[in-house]
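What follows is a pair of complexes built around chain A, which joins chain B in one and chain C in the other.
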Partner chain A sequence: MAIIADKATYRRTIDNVLSDIRLYFRLIWMQIRSQGQYKADMFVNIGTYFLTTSLEFAAVFLYFANFSTLLGWNVGEVAMLYAVTSIGFGFSEMFGAGLDIFPDTIRLGEFDRVLLRPVSALIQIASSDFRLRRLGRITQGIVALFIATAFLPAFHWTLLKVAAMCIGIASGTILFLSVWLLGATMCFWTVEPTELVNILTYGGRDMLSYPLNIYNQVMQRIFLFVVPLAFGTFVPVSYMLEKSLPFGLPNNLVFASPAVAIAFFLAARAIWQFGVRRYQSTGS
Partner chain B sequence: MNMIEVSGLGKTFRVAKRRPGLLGGLRSIVDPEIKRVEAVHDLSLNIEAGEMIGLIGPNGAGKSTTIKMLTGILVPSKGHMRVAGFDPVRQRRELAQRIGVVFGQRTQLWWDLPLIDSLRLLRHLYRVPEERFAANFAQLRSMLALDEFIETPVRQLSLGQRMRGDLAAALLHDPALLYLDEPTIGLDVVAKARIREILQQINAERGVTVLLTTHDMDDIEMLCPRMVIIDHGRKLYDGAVEAIRERFGGDRALVATLDAAELAKLPHDARGWPMLDTLPDGVTLAQVEEPRLWLGFKRDAIPAHELVAWLGARYRLHDVTFQEPEIEDVIRRIYEQNLLLSVA
Partner chain C sequence: MWRFYLEVARTAFRRQLIYRWANLAGLMTNIFFGAVFSYVIIGLFHAHSAVNGYNVLDTLRYTWLVQSMIMIVLTFGWYDLMLTIRSGAVISDMSKPCDFYWYWFSRECGRDLYFLIYRGIPTYIAGILLFGLGVPGDWRYWPAFLLSLALGSCFGIAYRVLYNAIAFWFLEARGIGTMVVVVALFFTGSYVPVPLFPHWLLVIAQWLPFNALLNVPAEILLDNVPAGTIAFELARQFVWVIVFTLLVRLVIGRAARRVIVQGG
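On to the complex of A and B.
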């Protein structure tokens, strides 16, 4: 990792990051245009995904058909947790599509071309696919949010709560993207890690759609301190619903979420770079 | 100025060998048998700026491995490299800015979008300033005759068109060095000639150093004054194409099936070969497997039909075919004669 020694290096690093981000969006836009050629397909896909994810939401209500609370959380509160998780995850699905198809990229030998370009390999891989159809999940998440508030007559929006939610969703996106990245990095060692990656991504989303305290202590610690997905889901929603956090953690922990998310991302990226070096040594 | 400086390059792969049988397969997971495969051995090469070099060798010779190391895709096991003034291992991205690579069998263009979109995107990927892009693009457009298909999605292009598109893509950022991997493979005769003309132009007018990997001897003969032969990870030959042609290649072979009985009646020499009438100038008896004879003849020494006529006038011919020199044969002959020529 480069040590930022002086202002000039600092400036250049910022410039590089900015131009990388600009390039990333340009590449994504190419994908969108590529896929947008099939408009009818696009709308059908978004609609279908909306319905699929709505079924997942319905499952939440199924639980509450028999029980009135889940460890102190009522149906509206769990619905809200589900919604926030879903939105953040939906964004990560959309932007992280390139990471999801990485096994194919490697298998087809296209990673060599990536290394032949003067651009960071990660940016190229991350932008190699973009799933506009995941808008279905994001839309469903937003709808779920409104349904949740309908079940919470005592809930009032404040500026801080809105901020917490936005920060939470943004952090959640980065955190889930980092998990996608870890999954993609596995490809440098194993041939087809797809199912394992799905456990971490879709499984993670599933688990975090329910209050963290229903899980045992070990799981709670994992989601808070090892793979801190809770910072994009349980932590912001607890703040919004004025619920306390486990392990005596402060209530406004949500405002540390961006830092946690970025730190986790940088760790994942370091492992990715290690994987790239391994690829360059073994050629596969 | 040296564009490529390579000395003592080596690459050894560690390949896990599967043990036979079911139990062996399971055992391979926990305790794999590692076989060391030396893909490249002690390779040294010096290429000056502006040269056009042909890289030839049979499949599995180590050509791709060498190119991958030169471009920074693969890290060598040992040796020292300097390409365009950069260390490919530690300065991969800086080097990428100065090189262009075209794979004959795989495109770097975006499949679903028009060619022009790919080129515009590559402009951003390579951070080419607006004016330079405009100037380059105009020049490439006319040199490669892209106008007819610049708006067509790449998946709808013919192979020859796609190759021209890939060349444009590789040259857009003014690379000093161009790697071409089988650029004429699969192309028809007209398209091949066209691509060769273009490559000639690129090298002569733009001064781009070109390293061309190919199986096609004609590519080499028409484009490259100098060639490098690689086999079994080693450099076998590095020098002028003419020398190779004089010694091993360039000879076509007339394979004639004579009448067995007639051949048996002829006196045979010490080798056991039939002694034929004095052969015309430039024709040699290369191989005998009675009743078949291989007559090697230089392209300009005697036209093929005249040789057939000459032979047919003296002996009964049952069958006649022609053989072009195979690169594998050239290499085999070099190997057999233990030739390791290096022309500095």
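On to the complex of A and C.
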């Protein structure tokens, strides 16, 4: 990264970032308007997605019909973990959805056109497949959060807990986005086993919807220190529920989540940029 | 004519062989989800020894059987037929001098057989290696299990062709497609094993058609079905296969009469 020498370059960097963000929302807004043209389809799609995710949530309750505790976590606590994970994941899926279809973009040679335009390739790709139906998961996550608190009579919100939750969801969004980005980056080298990324995205989401301490130590370490998705899910929820973290980590580690998330995102972006530089078109 | 259908099935089987990497990645995904569910189950059973006659080993075996069979009976995200309807290519399949449904049925049989050999068996072996499952069931249950799995696959084919046929009426039906698959998988035990359902839901699940997909074969192999009722369970699966095959043929017949392809 370039060292910012003086005020003018600093200003220019800020301006660039701001114009990228403006462009991103403009591209998304175009897609929202086009999807809004087919109102019935849009509502059916949001509705079916909501129902699909609700069944996932129902599974949590079904497990607890016969069992009272999952290694010290009761139904309300697991439900809260599910809700926070789901909301963070939902935002990442909504904002970074173009990354999901990136293998097709590469295979069809459309990435060449993206590179020709004088705007950040990442912004163009991330905004290329915005789907309103993904509001279904976020809505469902918020409903799940209310249901979870209803099952936790002893739980009381404090300002710090609200802050921990917001930090957790924001960090979760960034972390899941980074994983989508890493998955897309893989396509520069191979377009074959891209389904493997689903293990980290959809698999990571399902896995982190349950307390991290039920998994074996290697998996726990991976999701804390290598692909730190736990910082957007398990760590903040443990703070909210006053539970201890594995490996004797301090509970207020949650307030380091944004730093971890941003560091991971920057690493993912560096790999992406390396990939873009060595990209050779598939040709036709 | 059956020679033709056999050839269609064989071609579908061979076509699937090309996707070696995709299958390997899918295999890893099945194993990963199997492992996640296994840890949840082990964690839940920490404070309990048995629920509805299932101990922790039975439940783990059930979960891995489900992960092994899921691609055989009901593929997630299968829109092959729907896409031909959207592109109009469906008309060339409809004009073939064979029955449209049996054509797709044979294709899918070939695929199912592929997934049995290259996905199902490796997934279960991974479960054996990772969680010490061992080989389930008395050998006497194996014939009944295989018959039940075949019936489940026939039901799965009818079901997936049926929800794909929605595209004859709504062009973009993938959202609905995902939902009906999730509902079916939910009620056949792919999220939570059916034997762990609370009693009222268990009774409902057993009378839903989806029971025929994964739950019946898994329960037969795990010896959770009393020997006297195996015949009844198989018969119930068979009835669902007949009902859904007739239904899908009726729907396709209706669609065939109103399908118009835009030329040009």
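In this text, the second predicted complex is superposed on the first by the 276 of 284 C-alpha atoms of A that agree within 3 Å, B and C clash if a C-alpha of one lies under 4 Å from a C-alpha of the other, contacts with A are read in each partner's own complex, and residues count from 1 in each chain.
Keep in mind that, in the parts below, contacts are C-beta pairs under 8 Å (C-beta built on N, C-alpha and C of every residue); 3 or more make two chains touch, one makes a residue touch a chain.
Treat the numbers as computed from the prediction; the structure is a model and nothing was measured.
Of the two partner chains, chain B is the only one touched by A:112; chain C is not.
Between chain B and chain C, it is C that contacts the larger number of residues in chain A.
Touch criterion met: A:30 reaches chain B, while chain C stays clear of it. Of the two partner chains placed by superposition, only chain C is touched by A:70; chain B is not.
Of the two partner chains placed around the shared chain by superposition, chain C is the only one that A:215 touches, whereas chain B remains out of contact.
Against chain B, the residues of chain A that register as touching in their complex are 19, 23, 26-27, 30, 33-34, 37, 109-110, 112-113, 115-120, 277, 280-283.
Those residues of chain A that touch chain C in the shared complex are 41, 44-45, 48-49, 51-52, 55-56, 58-59, 62-63, 65-71, 133, 192-196, 198-199, 203, 206-207, 210-211, 214-216, 219.
On the side of chain C, the complex with chain A involves touching residues 21-22, 24-26, 28-29, 32-33, 36, 39-40, 42-48, 51-52, 172, 175-176, 178-179, 182-183, 186, 191-192, 196-198, 201. Only residues 13-14, 65, 68, 71-75, 89, 92-94, 96-97, 99, 101, 103, 106, 108, 110, 112-113, 117, 121, 124-127 of chain B touch chain A when the two sit together in their complex.
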